[in-house]
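Two complexes are shown next, each including chain A; its partner changes from chain B in the first to chain C in the second.
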Partner chain A sequence: MNRNPAIHWIISDRQRLQTVVTLLVLLLMIAAFSFLNPRFLTLTNFQNVARNTAPLIISASAMTVVMIARGLDLSVGSVLAASSVVAATLAVQGVPLPLAFLAAILLGCLIGFANGAIIVKMRVSPIIVTLGALNIARGLAYLITPSAILVGLPRNWGSIGTSSIGPFPMPILLAVLVVAIYAFVTRRTKFGKHIYAVGGNEEAARLSGVNVERTLITLYVLSGAMAALAGLVLSTRVGSGDPNIGVGFELEVIAAVIIGGTSLSGGEGRILGTVIGAVIVGVLSNGLNLSGVEPFWQYVAQGVVLIAAVVVDKRVNEGVLRMGARA
Partner chain B sequence: MTSLRINGRMLLAGAALALATQAAAAAEGPVALAAKSFSTELCAPKDPAAVADIPKAVSGFTGYEQAPGDWLALPDASPLKGKRVALSVMGLGQPFFLAIKKQWEMLAEKYGFELKVYDGRFDAGTVQKLVDDIIADAPDAVAFAPLDSGAAVPQVQRMLDAGLKVVTYNVQPAQVVAPRVFANDFAGSQLVGCNTARYFIEKFGDKKAIIGVVDLPSLPQVQDRKNGFLYGFKSLVPTATVAQSVDGGGVIDKANPAAADLLQGHPEINVIFGINNDSSLGTIAAMKAANLYSPEWGVVSSVDGSEPVMAELGSDESPLKAESGYPPYDFSVATFNLLGATLDGKSTKDTQVVVGYPPIKPTAEGIEAWLSRQYPR
Partner chain C sequence: MPSGAPSPDAAAPLLSVSGLSKHFPGVRALTDVSFDLKRGEVHCLIGENGAGKSTFVKLIAGAQKPDAGTIAVRGKSVVLNGPRDAKALGLAFIFQELSVVDGLTVAENIVLGDEPGRGGHFDRDVAETTARRLLAGIGFDGLDPATRVGRLSTAEKQAVMIAKALCANADVIVMDEPTSPLEEQEVRRLFAVIATLKAAGKGIIYVSHKMREIEEIADRVTVFKDGRKVATLERAEAEPRELIRLMVGRDLGDVFPSKSRQPGPIVLSVEKLSGARIHDISLSVRSGEIVGIAGLVGAGRTELMRSIFGADTVSSGRVLIDGKPVTPNSVRRAIGSGLGLVPEERRAQGIVGVLSVFDNLLLPWTEFPASRRETGAPRAVAQRTAQTMDVRTPSLDQRISLLSGGNQQKVVVGKWLAMKTRVLLLDEPTRGVDIGAKREIYRIIDELARQGLAILLVSSELPEVIGLADRIIVLNQGHLVGELPGTATEPEVMELSMLHEPAA
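Right, the complex of A and B next:
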């Protein structure tokens, strides 16, 4: 019998346990990198990591619920690029920034809606549909920018990516806001319960009155919108409207979601776990750079650490569950 | 005693001179200072030992004189007239290749040939497929941009075996298989290194230079760029040291966090070389985020010469103060002329044109001259 209430609280919920284990992996990494470079464990560096991880957290939050509902969105990297290019193009033409940003978000919603509608109405695999959307959105990004990089952006272009409210950089605040909304929706609302129900068993959800189609389409629309928001954060930070940004971003997003404990087969996952997964991805890259690891070894180290993080997570999870069962 | 007094006087005079130099530098402003220290000449090493260990030939395409000569002159008429020409580019997502495409479209219109453009999308598989497509289409002449030196040898050989006339440009096959147009990546960025050092000395005097590089280590040509820069810089500032090279991936969204990590890990860095414009622009964005964006911080430099970097080069607020161009117009015209000569049987597989990396003078006139020739609107 386990008498420690803290441990009992952790192991009583499989998802909570997984989140705690992922957090332990992150803390282990932070301890290791702090040991390797004293400049790692500083407020400036945490701001640096948080700022760089913000777009990943924003998009991964949306991807988490898509994957909980047994979907997948491979188009996020290209939607990110297309949206940022639309906003930049409009800004260069003198459209006020709020309107330009709104247009970018709407484009993300539109692509997300198209993804969702085709997946749901035509019963096509999400991998195929969003892979097609990946190419379409990237092509649009290149078509919109006739010279690859837009020049003549207004001086206030960096209003999202480089500004701060008090000591908190805007990208971080936006990421926190997005996470809070997604966490609230998934944990405290009827819609959140519908998402888990659809991912757990779509047919059962439908029979119990859940509007599966509307739920899935909404999730893809939100995924597109969040990819667009991530694009705005990224492109306003780097001060450019560049159609080349976000190549491979979808893989980082999926890695963050899976490291965070969301099941590939749907029905399970937590926003907080995804946030920790995204921070693991960001800390790993930052820590390896700060430790002076040679770039080619960084690829190897990133692969090893990412696999190890998931394996350790799984093993500890199973071990603690066995312990819980014995108790 | 007398000697001590003289030494003391000399010391005072030296200090006064240094102060006067710094005051003059402050009065002149960074752009004026960079224009003053700018040169089109390479610099000789002050201390050969300081640069002895820097590799000079990683890609195998260094050591050639940058002398395109008449290959850059536009002819009255071209052997390509009325022919079908295939142009492959590494990736249309980059300003350089978009400019190449645009230049070729203008040439096609002016000299009356049919142009078909193939986009390699910076992907080895796509380049392989486009080679098959070109062979199937059987054009009269091919201007081919390899992506990978090793893979390019059989790719070009297959096109030659199919009876096509081929000229390669930019990255080159690992073996000589066809006439070629390329740049000396080492010598080109060596000049940027020299100009960066000239500016650094003018602006900061004897201050210790500590270098960071936003790199792309997987490409041999880029390693020549990096080594050329280091050779040039250390030729004039032999005491300079390299703190770290980070992998910025050659794209702005990856270069930005890599540069942020570089600045965080080595706050002592005061010189950063970006291997291309995305790398230097990512660095500039990272400096802004870290509140380091100031010409007083140090100096940033790079190669490419695309339009967004020109805004930084010509700004007194920016630390980016040295740039050499990678010239799309020169590449296009030299390749066009060489392809014409190949079609006429006036070249051999050993014929080569080495275009230069023109250094860009950081004045309004210098920037305008570069952009209007290489990136016409």
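Right, the complex of A and C next:
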């Protein structure tokens, strides 16, 4: 076994190793883009990336725990759209903004609850249930308003998306808050342990007296709520309520979670990894934009990074196993 | 000794069951079973598969509800509505499929469902202290509570399950075939733990197929047959032949067939085979010969089988059949050359559960177009194979997953008979099947050898290797460390597998 204590600390834990590897990939990407484009490595651009990535980080944090518990939520992109148009519609009709935002979050919770309840009580696969919800929520968004609401929004509509506290843009602060809460919950609470138990071995969790059904439903409710919050951050920043936003958002979220090292088969994953995964997705599109790469190629690049991340992870894991076996 | 629920009557048995019955549509799974468990005793349950042991265990676990009968815990009659009720009453279950969560640590697993900490907060320090204390109590002080359970061996995972039972203040601990996945020295360690639990006044229900273990640890033995309790014997009366007679209702005589086979010319030669986990292994098997491979888990037994079969990558050396080299690293070529493998994990590697018996039997067949396989020659071959192997199934079109473990295994062996197989590699051919089915599988293996097949056999059960093999090859850490005649004794084989360190 390796004598270097720092290296040993890193490779002694699979998840930790994975986080470190992902972080290295991110740093490598930053180095490459900085080299390619002088405008990349500036404070303004970093703030820009962070602001753009905030909705992704918020929703991906919630998705991480859903996936650790062996679930999946494909409806987040549509929930994001539905909740933004609900908030915008209410705001246009003169409902105070906090109430309009609250209504949007509640809508997210409601869709999440429906997802969770059907998955758990009727024992339907999460892919099917949330795929259905994806269509239903998108349909609702268009029913509420067939086109983007741009006029009539109150002046303080941008209170989340464009304001700052000190030098810190509000979206970033919100994302940090969400990440901190999720990281704390997964690491330091009983509920957090139950999430890993449900995903790792549902039967064992049940036999140990863990309330598996309630745990899962809670996670879907929170996923809906976080998708709605991401929707508010996004739509208040761009200054509209648009039923078209967030198409394909769920795939970006899932990509971030997987690049961050959460396993599709459940039981493993960490919030920190997801944050790095989300930033990789954000930096990639920002860096390619600045380098003048056509948007269509960005899809290709994102796909390549996703697959590469999983392949590299598998390779590294096998390598560590071999080192362990040799020791 | 602290106990979860205060006992209303200290003299009452920990668990007493009377008149327990359970019927499934068309099957009387359990009929009028009475049973009791005292403090500080190990009460073994034996019986063939389908004799009612599992149904009995499911009923006292609350996983199923009895049609009739009563269950009393510490003298108090109870109704179990689910596994949680059983847990609350101090009953703990350690099944073969261990209910641990690989992604959580040892301590987190032990306290799962009953975590320490105020409100929703998880107090890791208290959890780890508790875990350390419980593990030390059963002699596993070396196990770090902060280790992820996924990194542990099966034996260590069992220790975690036992500590978890103690954490929940269980005083009835049910163990279902706990030693099947264990190595000899791990079994010793488990028995030491069981002795500790006995001394602490716990009662243990121990389900097993293995006579030697029962002889060693049982205080009483209850024999099940056809859903009924046949007898409960005191330790002194529980003599293996008597137990077998009670289980099968007849005297089995010798479990193993006689070894009066006449080996022919060499069929399989392995020359200096090396791969990831095996090093420089040479051996040969004659036609009509059974060669056993012994060694501890991790000695490279399964890897050797898989390498010969082309399923694991070989870095050097070669495999010859009838003197002709087999193209390495290709399962298809290996099958074409006359090799057949019965893999270790039947459910995962041996059968395709959703397919029929017929489809499973013809799985290695590639030369028939799919449309013509349903009728004609293939059907006849499948029919004949099923008959030779004595596969008990209502029809060849039955889904294989609905058959018993023993019958599934007959299909897995049988599919190679339907081919022109010359060499059969058997990896743990009787794992998880009952003694009656075992005996039948032994008979079939012997029969196949007599028909001229060369057979290489891996088993964790030494008596099985010794009982069947003409020669025994011993592996240690991927090296071949010695060869013994089929007349070798268990201590001789153990000594080679454990003590004889290979030259590095």
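Going forward, the second predicted complex is superposed on the first by the 312 of 327 C-alpha atoms of A that agree within 3 Å, B and C clash if a C-alpha of one lies under 4 Å from a C-alpha of the other, contacts with A are read in each partner's own complex, and residues count from 1 in each chain.
As a convention for this text, a residue touches a chain if its C-beta (ideal position, glycine included) is under 8 Å from a C-beta of that chain, and two chains touch if they have at least 3 such contacts.
Model, not experiment: these values are computed from the prediction.
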item: Room on chain A for both chain B and chain C (clash or fit); value: fit
item: Superposed arrangement, angle subtended at the Cα centre of chain A by chain B and chain C, nearest 10 degrees; value: 140
item: Touching partner for A:43 - first (chain B), second (chain C), both, neither; value: neither
item: Contacts of A:6 with chain B and chain C, given as first, second, both or neither; value: neither
item: Residues of chain A touched, compared between chain B and chain C (which is higher); value: B
item: Which of chain B and chain C A:122 touches, first, second, both or neither; value: neither
item: Partner chain in contact with A:165 - chain B first, chain C second, else both or neither; value: neither
item: Touching partner for A:243 - first (chain B), second (chain C), both, neither; value: first
item: Distance in angstrom between the closest Cα atoms of chain C and chain B, superposition on A; value: 34
item: Residues of chain A that lie at the interface with chain B and also at the interface with chain C; value: none
item: In the complex, chain A residues that touch chain C; value: 13-14, 188-194, 196-197, 199-201, 203-210, 267-268
item: Chain A-facing residues of chain C, complex; value: 83-84, 87, 93, 99-104, 108, 112-115, 117, 120-122, 124, 148, 164
item: Residues of chain B defined as touching chain A within the complex; value: 92-95, 98-99, 215, 217-218, 244-247, 251-253, 256-258, 260-262, 264-265, 267, 278, 281-282, 284-285, 288-290, 306-308, 311, 375
item: Complex interface listing, chain A residues touching chain B; value: 37, 39, 42, 44-45, 48, 51-52, 142, 146-149, 151, 158, 162, 169, 234, 237-240, 242-247, 249, 285-286, 289-290, 292, 295-296, 298
